[in-house]
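Next come two complexes, and both contain subunit A; in the first it sits with subunit B, in the second with subunit C.
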Partner chain A sequence: MLRSGFAFIAALAAAPAVAQTGLPDPAIIKVPDLSGSDAPAVVDNGWKYFFYHRENTTFAEAYADVADCYRFLAPAGWANVAIPRFIPWVERVPGERAATGYFEHSGLVGLAIGGMIEGTLTRRDRQAKMRRCMEPRGYTRYGVAEEVWENVAELPPEQGIAVQAKIASGPAWGGKVPVK
Partner chain B sequence: MRAALILAALLGVSAAAAAAPADSLDEKKVMSGKTVLDPASGYILLHGPGRQGGTFIRVPDAEDLEAFRKERAEAFAKAEKRYQKKLTSWEGEAKLAAAQKKAPPAKPVAPDEASFSIGDIEARTALQFGPDFAYIKDKANERYSYVMAVKPGTYIWYGPVLFDPGQGFVGLCYCMGSVRFEVKPGVVTNVGNFLTAAPLAEQQKSAPLLDIRHNGGWAGFKVEVPTASVPVDYGVPASLDKWPVEQAVFTASGKFNNIYGVMISRLPPVPGVLVYDRDRVIDAKTGAAVGSGF
Partner chain C sequence: MLPLLAALALPAASRAEDRKAPDELVEIDGKKPFEIRPDRAYLLFRVKGKWFAPVFMRVPTAVEVEAYYAAKKAAFDKALPDLRKARDAALAKQAAAKGAKSDDDIPPEPSLATFDYHHPDVQNLQSINLGKTLEKGKDDRLMLIEAVPGSYVLYGAGNQNAMLACMCLGSVAFDAKAGEITDLGAVHVAIAWQKSDDPVLADETGLGASVNGHWVMPAMGVSPPAAGAPAPTSLAGKPIVAVQYRAVGKFVGPPVFNVNRLAPVPGILAYDRGAVIDARTGARVPDNY
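Moving on, here comes the complex of A and B:
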């Protein structure tokens, strides 16, 4: 049974406490229920919603691997260029210019379409980078329910890394390995 | 590429954000004698079956480090001045808020010398070439050559990463392992088709990759990422017969940050040069693990 997203994030809010080694204490990191990972629909979607597992791996090793991969996750595109981006005009306090949007060639329609697909593109970018980074390290990818994946992906990096490291180094949990 | 960089400049992209375009040589000018060998300059020659393009990162030398330190110190001094102005203004606003029994505005935060950043130094020594400005375009024989004049030094193959005016940075960085080579002054360093031919791409399966399309120029170009190794060819164009040419010597290069936020990968293993132990980059010549960065 899937844990409620809010309850899960709330449970993680206090974690992870950092132990003497600089690593979070795995004993207090709560991981989501992964028991549904062998459901056919979850396996089919395992190319996009997934976590990793590797046998004979310590929490410290997994933490180092996931953390190393997180440093590559910066999104691609204009976000990396200090370019003035499209900002819908609203009256602002002079000097306040916190919100930014995409530099857009195709006007408001293009912007609206871009807005609809932006979340998906960002997610695909992140998923592909994790696959490219974790799989050469010998980890096996297993599908998880979309809600479970999103709850972890939305965590602050230090918490997301800790949860995925515990999942990757813990007892075997994966169902069928996704074909895609 | 030049057009892209001009557009980037017009749009306010800093020189540090967009890598410098390579100073590409034109075969016609070499043949006519308009372009002659500069003994102080280094040169890189490479070729491939289609349009080539990507980014090299030159390992910063003492001059680069000094310029970087100077620029950072100047930027920090400016940030401190700005902070002092903001602080003065804030003090007045806070007093006014107190008199009006309102909550004071947020106090400005002083810049911290230790964490102050002006961006990555590697973005300042990055050099982009292609897919336009080819030295030779031989579509019939599937051979596109590129020759560029560069500052001598050590160059890391960062991968087919390009700045595109319509998309920002696109491509694939070899952030998890690649190769490097020396470029000497007054000599053409011949990279041949090594960067795309030698790596055993057939041994490296990974997540699917979107096409790398550079939409600069009139029609736009696609830069292919190889899916299999082919024989390495160091053939030199006849127009460079009188130029001193040396074959590049490659060594393994460690992990690098994803400074442009593009898709990540690693150069597939190259026999005798580059191997991996899981994610560790190993110098095949010495068997030693290679550290990250420069």
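Moving on, here comes the complex of A and C:
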């Protein structure tokens, strides 16, 4: 199950503290074991579970890109995408944008109803957002095992960003995800 | 089919009780007489494609923003006791579970930053009803929208009740003045997972079905009006001015199912990897948030 909305937003609001104090040291970031990712079943299922990689990319570049894309990952449900609504278009309260629109009274109900189907859709939303944000920057999808992906996706954002940045800027692994 | 099933099972909340605000974007019905109001701007555009309606955001005035934040603060102060009670109850439940794994959420410490507030007085983010057209063609719709004058951002795509995707990774903005019809040219829409025949969207489509989640991901683009293009006969003699688009940097707003970027617009909007570029100057356009 993907990390819940409350926890995601609360942690995301805390994430800028990492940036303010500098990049995390990649030497102490533990990445999951990606061996076995080249198994045909993993590659074929990679359209569901993947991480990104780009050649000749520094950890700092990858960290900036992944962190930028994480800003768009707040989960949505049918109950909290309703329009019309008001958008202030300026931020007067630090951290407000990351949370805007999420903590509405019916939002969590909307995310919870639907159980497994809703969880699958939320995961697909997240992956689609990452695709549109990362791929124009030249990153390529590589499939990973489901449990590997979920363990990283459930990390607090500041940790998930660091792990994916180290993966994206490290050695290539496994197989490229077929377009589907 | 999953997105459709979910849509049927979980229809977008109508939030009718919140909708005290005036309708800011009113579709003009081509079958009825139409006169220009001096206190309203008009947006003229042709929607090419199906599936989605454009969603526009009017940049709020300073007065509206001040009123919003004052109202939000008042609502937060009123809700604070209940928010604290809910968090305390969730923490107590978690403690009682003694470490057992649970999917229950623990609400964050209440704060103005995380407090969601739906402002009832002004609703500057709104979709278009494509069922009310100025003219309906075989493959497109000509829309005329009566709007509050101001600056607008082509914010994304949706239906009448739901924001389905924002163009948060790059879009365009424009001004719409009172007493004028601003010709936006064409707004192109398509589903992103299949390759579109529309040349404007060719490079933004064919992405595969994995870009679909709650809803199919939209692809969007605009093509400014061609110089000297004839006005629709129903608008003959009316003051029509060509839009002046400008690039808009990335923005983060309320949660949406999908995020995407507007297709590049020659001479106006370009991209360099993830960066939004003002094609007029070559300069990077700063993020809005």
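Please note the rule applied: the second predicted complex is superposed on the first by the 118 of 180 C-alpha atoms of A that agree within 3 Å, B and C clash if a C-alpha of one lies under 4 Å from a C-alpha of the other, contacts with A are read in each partner's own complex, and residues count from 1 in each chain.
Note that a contact is a pair of C-beta atoms (placed from the backbone, for glycine too) under 8 Å apart; a residue touches a chain by one contact, two chains touch by 3 or more.
Everything numeric here is computed off the predicted structure, so don't read it as measured data.
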Which superposed partner A:122 touches (first subunit B, second subunit C, both, neither): second
Contacts of A:71 with subunit B and subunit C, given as first, second, both or neither: both
Subunit B versus subunit C as contact partner of A:131, first or second or both or neither: both
Contacts of A:154 with subunit B and subunit C, given as first, second, both or neither: neither
Partner with the higher number of touched subunit A residues, subunit C or subunit B: C
Touched partner set for A:179, first subunit B, second subunit C, both or neither: second
Shared contact residues on subunit A - subunit B and subunit C: 65, 68, 71-72, 74-84, 103, 125, 127-129, 131-133, 136-138
Residues of subunit C defined as touching subunit A within the complex: 2-3, 5-7, 9-15, 18-19, 21, 23-24, 55, 57, 59-60, 65, 68-69, 103, 105-108, 111-116, 118-119, 121-127, 155, 158, 161-164, 168-169, 207-214, 217, 250-261, 271, 273-274, 288-289
Residue ranges of subunit A touching subunit B (in the complex, touch as defined): 65, 68, 71-84, 103, 105, 125, 127-129, 131-133, 135-138
Residues of subunit B touching subunit A in the complex: 8, 11-14, 17-18, 166-170, 175-176, 204, 206-209, 255, 257-266, 276, 278-279
Residue ranges of subunit A in contact with subunit C within the complex: 1, 4-7, 9-10, 13, 47-48, 65, 68-69, 71-72, 74-104, 106-108, 110, 113-114, 117-118, 120-129, 131-133, 136-138, 179-180
